[in-house]
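Everything below concerns the one structure shown next.
Labels run A, B and C following the written order; every chain starts at residue 1.
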Amino acid sequence: MSTKLFELLLQASIYTVTISMVSILIGFAIAIIVSAMLLSRQRLFVLPGQIFISFFRGVPLLVQLLLIYNLLPVIGINVPSIVAAIVGLSLCTAAYQAENLRGGFASVPSGLVESAEMVGLTPIQIFRRIKAPIALRLTFPALVNEAILILKASSLVSVVGIVELTRMAQDLAGSTFLPLEIFASAGLIYLAINWIVALAGGLIERSLPGVPR
Amino acid sequence: MSVPAIAVKNLVKTFGDSTVLNGIDLDIAQGQVSCVIGPSGSGKSTLLRCMAFLEESTKGTIAINGEVLGFAENAKGVRERLPAAANRRIRAQIGMVFQQFNLWPHMTALGNVSEALKTVHKINRKDAEERAMAQLAKVGLGGRANHYPSQLSGGQQQRVAIARALALNPKIMLFDEPTSSLDPELTGEVLNVMRDLAAEGMTMVVVSHEIGFAATVGQQIIFLDHGKVLFTGPPQEVFKRPRNPRLEQFLDTYIDRGASMLL
Amino acid sequence: MTFDINVIFSHLPEIASGACVTIVIWIVAALAAAVLGFLVAVARRFGGVILDRVFGIVIAVLRGTPFLIQIFLVYYGGPFVGLSLDPIPAGVVGLSIYGAAYFSEIFRSGFAAVPKGHIEAGLCVGLTHTQIVRRILLPEMTMLVLPPSLNMTIILMKETAVLSIITVPELTATLSAIGSQQYAFVEALFVLALFYWGLVEITGWLGRLAETKLTRFRFFHI
């Protein structure tokens, strides 16, 4: 297999990485809102939050992407397919990240909150200065894991016409009749990207001061 | 007669079906060091936590320097929850040291001690850190101010926790089994800090298994069993001449393990 | 925008067939993956260092690449190494291997979580390796691996949708086809989403029920 083909794959992988990273960030922002809804303990907010998480974790990503891609034009929103793809990925990762955040907050040892109460911090101050920083540190490994999952899941946006790594591999395999080499190379590129993300995640995690044991 | 530092009246605490505190009446005098001793499950920690309003009592009242904390109860037994801001203000007179230290892991020792000064009392960073440093030096950890809790030994962490509580100039200090999580050779450094604190006249309530500390530093020993105060008195009366059979039984287990000062 | 549910009702036989294919592939692949994953986990633990390392690399590759790429390799690349499979068998093979990689990690964690002391006690009273696995390791492991196994089974069910891309006539392919032929995308996709959502919720509920029933057999407290 020639290097030219490999270069094409690498170029397409830039789309993969970009789409994934954007989706993760948007998903994180949505997850914070959904988590806040769950933590608010008001039925008005908790129920929609739970339904959101249940739906986007229960329906396969492929179906979610097809739904959004076909639904938006029907209700009058015409966006480029890449936007639909990012919206789909973001909503999906938001549901998983909201669950991770929920777990993170639940894991903050109650003693740390009690000692904060004893030195006089108000509930809002406790949330800002103690609970949130510690919960985020506890959630970080799950966040890195989610990043890797989204990078793999981004392969599905190929069905809504985005030419990222998998789509490029499909097109090349079809035109060169070298599916083994092409798909194996694509797989290697995915592996490399995931490995780098895991490595970076591990380094960042080690540099964060003190996670409670 | 000055008002008691802590006045506990008819305190009852139930968790579901089990009654942990069964009607406690207790006074802690100003400047007095009280040690609460008793078998496991007797309710010692729960009593302390109720005093700090970390647990909500089921019946009865707690008054700190004359002001009722948490729940007010009238003569007919009708309870009323007091406003959160008032409770926070009254509770500010109390400092608490926990068995698990409960230092915030994402802040340095200095950060832990200065946090409340900055966030609650809005003291500027420089002054807050100066006060915090002074407190850390007082417990012998001036050189470790920039260490994170994970870089400190258990004894050091507990001393930082004490400094953190002291930085807010409390009138009363509560200690919930402060040395129970420590390796034996590290308990000494913490007990010494507590000893110095007592010598300065701080009002202290200490729940602990350290009978030696209770016998030498304690002024009022409170023996708790199954949620009731069975006996209170000065160390002489409690340890050298126990008149209560349950108390004798409890102390015997310590003599078996070589607590010779009780003989 | 019109929402014509009759489109769905008039195609019920096809939809039922698609749903059957989804469920059959799911169950066959999940079972195969669990069995294969278990065997690999056992091989890694008891089969020596080289086997452990080799399997380790294979599993890392399977877990680090998208399922879609793996399916393409099996379906389009297979014929080049003498493996010409129809869509459905290719789908089952691909899903089974993918699932086995994850199941092997689940079982591996399960093995490791059983306290070493329990194994040593078994050795001390003279049990052979096989006896230890059967009488000590497996029972204690079962409670530990149940929740992640349930999770993985649900994930595999959702991944069957991806098989539509290699023309497996499962539910996603069926409803997408109906949707595009009848210009009724929205209805078709909503039904599709509801089907999976319902199946996931039901499976999850049944699984949690099984967990609580089996807690009686917990051998030790974590």
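The rule is short, and it goes like this: contacts are C-beta pairs under 8 Å (C-beta built on N, C-alpha and C of every residue); 3 or more make two chains touch, one makes a residue touch a chain.
Composition by chain, UniProt nomenclature: A, C = Amino acid ABC transporter permease; B = Amino acid ABC transporter ATP-binding protein.
Source: prediction; values computed, not measured.
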Innermost chain by mean C-alpha position: A
Greatest separation from subunit A - chain, by CA centre: B
Expressed in whole Å, how far the mean CA point of subunit A lies from that of subunit B is 46
Measure off the straight-line distance from the CA centroid of subunit A to the CA centroid of subunit C, and report it in whole Å. 22
I'd like to verify one number: the distance from the centre of subunit B to the centre of subunit C, where each centre is the average of its C-alpha atoms, in whole angstrom. 54
Junction residues of subunit C, two or more chains touched: none
Along subunit C, where are the residues that touch subunit A in the complex? 1, 60-61, 64-70, 72-73, 76-77, 80-81, 158-162, 164-165, 172, 176, 179, 185-186, 189-190, 192-193, 196-197, 200-201
Subunit C-touching residues of subunit A, taken from the complex the two chains share: 54-55, 57-64, 66-67, 70-71, 74-75, 148, 152-156, 158-159, 166, 169-170, 173, 179-180, 183-184, 186-187, 190-191, 194-195
In their shared complex, at which residues does subunit A touch subunit B? 109, 111-112, 114-122, 125, 129-130, 133-134, 137, 208-213
Show me the residue ranges of subunit B that touch subunit A in the complex, using the header's touch definition. 52, 54, 88, 91-92, 94-96, 98, 100, 102-108, 115-116, 119-121, 148-150, 161, 164-165, 168
